[in-house]
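The first chain written gets the first letter, and so on, giving A, B, C, D, E and F; residue counts start at 1 in each chain.
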Amino acid sequence: MEPKETTANIQKPEKLVITSSPHIHDTESVTKIMWIVNLTLLPAAIFSVINFGIPALVTMLLCIAGSIACEAAIQYWRKKEITVSDGSAVLTGLLLAMCLPPGIAWFVPLIGAFAAIAIAKHTMGGLGYNVFNPAHIGRAFIMASYPVAMTTWAVSRIGNNGDFAGAISKIGTLDAVTAATPLGILKQQGYDALVSSFGGQMEMYQALLIGNRGGSLGETSSILLILGGLVLIAKKYIKWQVPVAMIGTVGILTWAFGGKAGLFTGDPILHMLSGGLIIGAFFMATDMVTTPMTTKGQIIFGIGCGLITVLIRLYGGYPEGVCYSILLMNAVTPLIDRYIFPVKFGALPEPVKRS
Amino acid sequence: MLTAIYAILVMIGLGMMFGLLISFANKKWSVEVDPRIHEVDEVLPKGQCGGCGYPGCMAYAEAVVMNPNVPPNLCTPGKDAVAKQVAEITGKKAEAMETVIAFVRCAGTYEKAIRTGEYKGVKDCVSANILVGGDKGCTYGCLGYGTCVKVCMFDAMKMSPEGIPVVNPDKCTGCGKCATVCPRTIITLTPPGVMVKVNCNSHDKGAIVRKHCKAGCIGCGMCSKDCPYGAIVIDNFLAVVDSKICLEKCSDPVCLTRCPTKVIRPAIWGVVPGKELREEIKA
Amino acid sequence: MSEYFLLFMGAAIVNNFVLTRYLGLCIFFGVSKNFHASSSMGLAIISIMTMSSMLTWTIEHFILLPLGLYFLKTIVFVVVIAVFVQILEMVIKKFMPTLYNVWGIYLLLVATNCVILGVPLINAEANYNFLKSTVNALGSGTGFAIALILFASLREKLQFSDVPKSIEGLGIAFILAGMLALAFQGFSGMIPL
Amino acid sequence: MFRKIKGGVHPHDEKQSTEDKKIEFMPIPQKLFVPVHQHIGQASIPVVAVGDMVKKGQLIAETADGRGTPVHAPTSGKVTELGNYPNPIYGSSLCVVIESDGLDEWQENLLTTRNYENLTPEEMIDIIFKNGIVGMGGAAFPTHIKLAPPKDRHIDTLIVNGAECEPYLTSDHRTMMEYPDDVIKGTLIAMKILGVSKCYLGIEINKPKAIALMLEKCKGTPIEVVELETRYPQGAEKMMILAITGKEVPSGKLPMDVGCVVQNVGSLKAVADAVEKNIPLIERIVTVAGKTVKDPKNVMAKLGTPFSELFKYCGGFTGKNGKLIMGGPMMGQAQVNIEAVIVKATSGIVTISEKDVDYVPERACIRCGRCIEACTMHLMPSTLSILSEKGQHQTAQTDYNLMDCVECGCCYYVCPSRRNIVHYIRQSKAKNAMVRNAIKTGSK
Amino acid sequence: MTHTDHNNNSMLKITLNLTMAAFLAGVTIAVVFYFTAPIAAIQRIKQKEQSMRDLVPNATAFIPIEGQHEWFRAEKDGELQAYLILTHEKGFDGHINMFLAATPDQKVIGFKILSHKETPGLGDVAFKPKFADQLTGKGHQGLELVKIPEEGKITAVTGATITSRAVTTAVKRALIDLETFLNKPKNETKDEAAAEIKKEHK
Amino acid sequence: MNLWKEFTKGLIDENPIFRLALSLCPALAVTSNVYNALGMGLTVMFVITCNNMIVSTFRNVIHPKVRVPVYIISIATIVTVAMLTLEAFFPILFKELGIYLALVVVFAIILARAEVFAAKNKVIPSMIDGLGMGAGFTLGMLVIGTIREMIGNGSFMGYQILGSWYQPPLIVILAPGGFIVIGFIIGFMNLSEERKKQKKEKSEIAAGGTI
């Protein structure tokens, strides 16, 4: 029971506040960070609406609304301060939406949001306490619940020929042509089929970079995601080492083991740009709550994510492994934090000179 | 049929072999632990409060069994009953244990005592105290952030809404944990039956006490003057009750009515000192 | 060689004992409250599992099967393991007290547990040869230890969280295990056995 | 050229309001409340009684066991009371209340003129002790102890701390500007006492004028002026030693273990005054600053002067105060009472207006790791704060190097969750100390 | 505590104790086994027959084929009705074991899953008629799996491609094995077919 | 001794699954449908009762040093008997329960009851205790099984209850869902208990008029 703050006993007109030092603070706050991350995701989100039309927007709104509602309800019920305005629930919702297929049935995003916020985040106490990435728990949860819906992808409306205008004009239509994701094609039909589905290797790279391809809502436009990530790096909210470690590991390993013809015949560029790797590396492997705290630890985290991603992509049952790799490394995070920490000042004593 | 007979034979063979193995191992390799340790551990109340001075009940059990110099009555929460049992198991002589409970020597509720500042730090008395003594005007008084309440393992303390902790004598085991953590050493351990207790800890001069708190002991000495048994003395502007005299001799606490600030109160549990005190004394 | 490697990886990660086969959950939830206990326990599990699997394989193939006593499998295995572990514990306690303190105290706990009995039974069911049985046991034990250590470190981190009162303790442990299992789903279908 | 410190922060230094203002001598207030307990360690014992007349510089409190320092009367007058009054460090403590007679008369035969070159180190240490000199850089550690390291430590470097990395504060800056000779004299004295030949004077580059002046004045002396990067907490002695000599003071060790002694410029000026003129430490330069102070300045104030008098002297307030801080805003202690007084360690008093207090309730740590990057001692502040929050103070000490924290506050400064990290750390330290004391005194 | 009473003759007592317990256990189990074993054996056979009869309802006898493990000829009044072949394939998670029933001219009649570890509600959709009926009547040449419906080919169950492929492959292999078996002299066919299967599987 | 209390304590207060956290494996492994859950529950109930009876009958002749091996032999015998019986008469259930049936031998709850209760009590109370614990276990299995089958498959005992509009989240019958469901059940149990306690405390305070 906390003592009730009564004001009746104020005797002096002016009461000085006492807190411990320091008494000044810089301007960063959790709320600011979260909203800026939201903003940096916005371009990719808008692109996805162009690419997949209104269904994409609906999915996003459902995820975000579900997350907010869930968080508010739980905090209300637990009689805690309601902190939906800090943007973290919005961010979780947005990120969850960005790794769902566009136009998925309406209740699936809601279940995902519930899993993300209620199960992953608030069973542990809310922002800062969760050990698994809520958005990914949400995704894995619905992946296990509705695998069919989760592997039914819509076709890119912009298409191979980069028809932006056409896509924009069709934005309100609800047609859902299903198509496979690049990694799905790779897994089931092989590399050549994939290249020919884009009409050429260069075209493929271009599509992967710009995002006029099938896939999860927000993962397609690598270039916009990278730009967003660079903003975060510049603002020092995330460290460049993490995405570099993760994407680099995937690149090297897929180059080495990804090819059918032998060692070092894989196509690293394809693997680095496809799937959720870019969004995962810039926005999810960098989620501060669920990753190690030290830079060294974060690099290990990134490398681990890359490793598991490749393992799943090349040898696993799923075509894509970013989500699971991040969740698995989330589980390893406490171990990393236990063993990787800064060497304290003066821990390596230089020999004391004595006369 | 044959299979069934084989089964019986195999089972007997296994049983015999393992029987021999275990009994052999038992004889050759078993390490005896003094079983009394477990017996003692079983009678201890398992509060793991450390009141005995050992890190946990098991550690005390080990010490009291293995070390002849460790007395059997160190477990305060267990009171006499446990001490007796431990003594029996270990064959040591049990000395009677003084029962005590915690007593909070402050009546400076939000209403009575001023707060000079607005404390916005960690909600903890020690934390408040290290910031230039915290926000309470009285530098001896209870800060009211409940550090003592948090450490009580027996759920015997609650923070009253008025900002002073109260002790439940039924639950308090007298382990003294709360007393050790209070940065202002407000909590003392006293025998539960004492007639009166002084509800203040301030050694300030009367004038200063008055400035800070309406319920403080101003050291006027009225109580000590009128106590027929001389159980109260004024020590550096604070009345101190000799609980032994008070417990043994007094039956009619006159001091209660004498005290101008009503800081001496009857030892009735549960009443938050302050608001109700007056009515209570009237009744 | 690669067959054995796959068997090991399959047992350790893909078909993780705790997270996909639901074995040894009592220990998994019981011992994971403390990190150090969990790593000692992991060691104990790996070693006991491997040794008892070797032992039971021998008994199965030299006594039970020749006599057609497959139905005695359960009782013989469990008694053999229990007695073996009990004696092992005594020996270690007597001769290696330091080892006993970090490792030995968990031995009796695991002796009568379904992970330990589960491996020999699975081996028997899959009809593995001696080496495969051993590798499978080693892999299963390793998988269990990995899951246990991860889980313990997660739970230790949760001590500093603000878990709602009603699910504190066992409740959150289950939910956490669920999420860990969800993460391990990523490996599903990796090495179909 | 020099090693950079890792971590740290760069708050706005806010020094412009006072850095160019000359030190003003404040008129002596009616009453001075001189605490006998002005720094960690033992309180001194008053040697005067109520009613005694005292002269300026007269000894009024003496150390009981040599662990404290003597206290002297800041002015002449009558002792009217010995009682508990607000103390900016301890909340309240025993004070000798002196009613000034307005004459400000020195005790006879107190002042002398000496040349330090004729004195032995032992004599000088004794003089420094008798004159109650303590470190004026913040911790008020008795200077005579620092200057007399145990025989088995070989000191080869004296570092003079003119960094003044705290925002708002300019008292050291003004000391260097206006008493450069005294500072240099004090430095030479300290060098002689310590028997060192190497001496550096470290100044942050946001004080170009001081750097220029000291460069010029130090010509021909063994003192080398070092320009330091402007970065809080550059002035902390371990950082200073790292930046200047490249040595890290081993964890749990003292500067003398790497052969260094760090002294604040103000302390050295006091040393010079004491050794050459036998002037005890009875007044000091105090920066009075803050957004609500009408006329911020540097004031030479007597010990025992209530803050309220100082603010009055600086023209009062222009707005409501939210906080009143003794020291700088990063390390200083928030005060409850405006009647608290100047003590030897008061390098400044700073106000923060009600508006600027911007108290935001703390939230859970989001594990962003900013505090870890900012911590100059390379600790894990977030973990320390969480351990403290959950009551695991011992773990914090044994596993997370609690005691290495210098409470610089960089971690709080950068924390987006506004966690009271420093306060948590101090709580842990205090609670561990309580446990240690309990064990020492033999109670449970 | 009763430790001390036992101490004298503990070695003997322990051994006796365990032996007695083991003996009693052995007797109990042996007795129960003696009575239940025949029933269990009958049950097992009944079950197998049941599953075979499900596949070929009008057969009256199932005659094991020599030289082949768990292959049967389903006969009605001595007339060959169908072949029943035990076959298996790696599915999404572990092996899928099943009985395949084929007409004498090696066309699929149906299959019956004996054990599997596929995901319930997802993988096991491939065992339901909606998928299974596609196979009926096909020979091994017609068993080609595609994801997007195509004339004359088998369409995989959405979300359970792996299981569908496993089922198809198992059936196909069984049919090829059967063909090889029936045309024993032509050994090459088998190798070819096996090579084909291998390719398919990759 | 109050036999009714011995019986009921196992149901909720000392529920082997939710409270004692013992025998968790079957609680997850065979609860994806009610039928299996029930079968397993009854088997365990049978084993635990028989074993308690045997242990308490022979409690005075068992040497303390071989207590555990002897108990294990006893349990294993009963389990083997149960297995042989199930195999003969319920072959389908026998196959569904698979390896977990053999693992009943090592379910901690059985050994624990033998050690904690049967070894110290007379035969009848021991049997009642076993029955109660077994019933508690069965109850727990049923609750989990019902929830999982209902949510994850929309059916009960194999009968489709929820219509075809219902798209069951598969996860509930998979491993992760099982864990999470049990976690929430425990949470709800604690919550209701907490509520009860709070009410009690409130009424106490109202009566005492203190704090």
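Here is the rule we go by: a residue touches a chain if its C-beta (ideal position, glycine included) is under 8 Å from a C-beta of that chain, and two chains touch if they have at least 3 such contacts.
Just so it is clear, the structure is predicted and the values come from calculations on it, not from any experiment.
The chains touching subunit C as well as subunit D are A, B.
Farthest from subunit F in terms of Cα centroid separation is D. More C-beta pairs touch across the A-D interface than across any other pair of chains. For subunit C, the chain with the farthest CA centroid is D. Inter-chain spacing, taken between the CA centroids of subunit D and subunit E, is 85 Å.
Centre-to-centre separation of subunit C and subunit E, using mean CA positions: 29 Å. One simple way to say how far apart two chains are is to compare their mean CA positions; for subunit D and subunit F this gives 67 Å. Subunit B and subunit F have Cα centroids separated by 41 Å.
Multi-chain contact residues, meaning those touching two or more other chains, occur in subunit C at positions 71-72, 75, 79, 83, 86, 160, 162, 164, 167, 172, 175-176, 178-179, 182, 185, 188-189. Multi-chain contact residues of subunit B, defined as those touching 2 or more other chains: 3, 7, 10-11, 14-15, 18-19, 22-23, 26, 116-117, 120-122, 127, 130-132, 134-135, 158. Residue positions of subunit A touching 2 or more other chains: 16-20, 119, 123, 125-126, 129, 141, 144, 147, 317.
Chain pairs that touch one another: A-B, A-C, A-D, A-E, A-F, B-C, B-D, B-E, B-F, C-D, C-E, C-F, E-F. Touching subunit F in their complex are the following residues of subunit C: 19-26, 28-30, 71-75, 78-79, 82-83, 86, 112-114, 116-118, 121-122, 125, 164-168, 170-179, 181-182, 185.
Those residues of subunit C that touch subunit E in the complex are listed here as 71-72, 75, 79, 188-189, 192-193.
Residue ranges of subunit E in contact with subunit B, taken from their complex: 1, 3, 10-23, 25-27, 29-31, 33-34, 37.
Residues of subunit D touching subunit B in their complex: 83-84, 88-92, 333-337, 340, 359, 388-389, 391, 420, 423-424, 426-427, 430-431, 434, 438, 443-444.
Those residues of subunit C that touch subunit B in the complex are listed here as 63-64, 67-69, 71-72, 75-76, 79-80, 83, 86-87, 90-91, 93-95.
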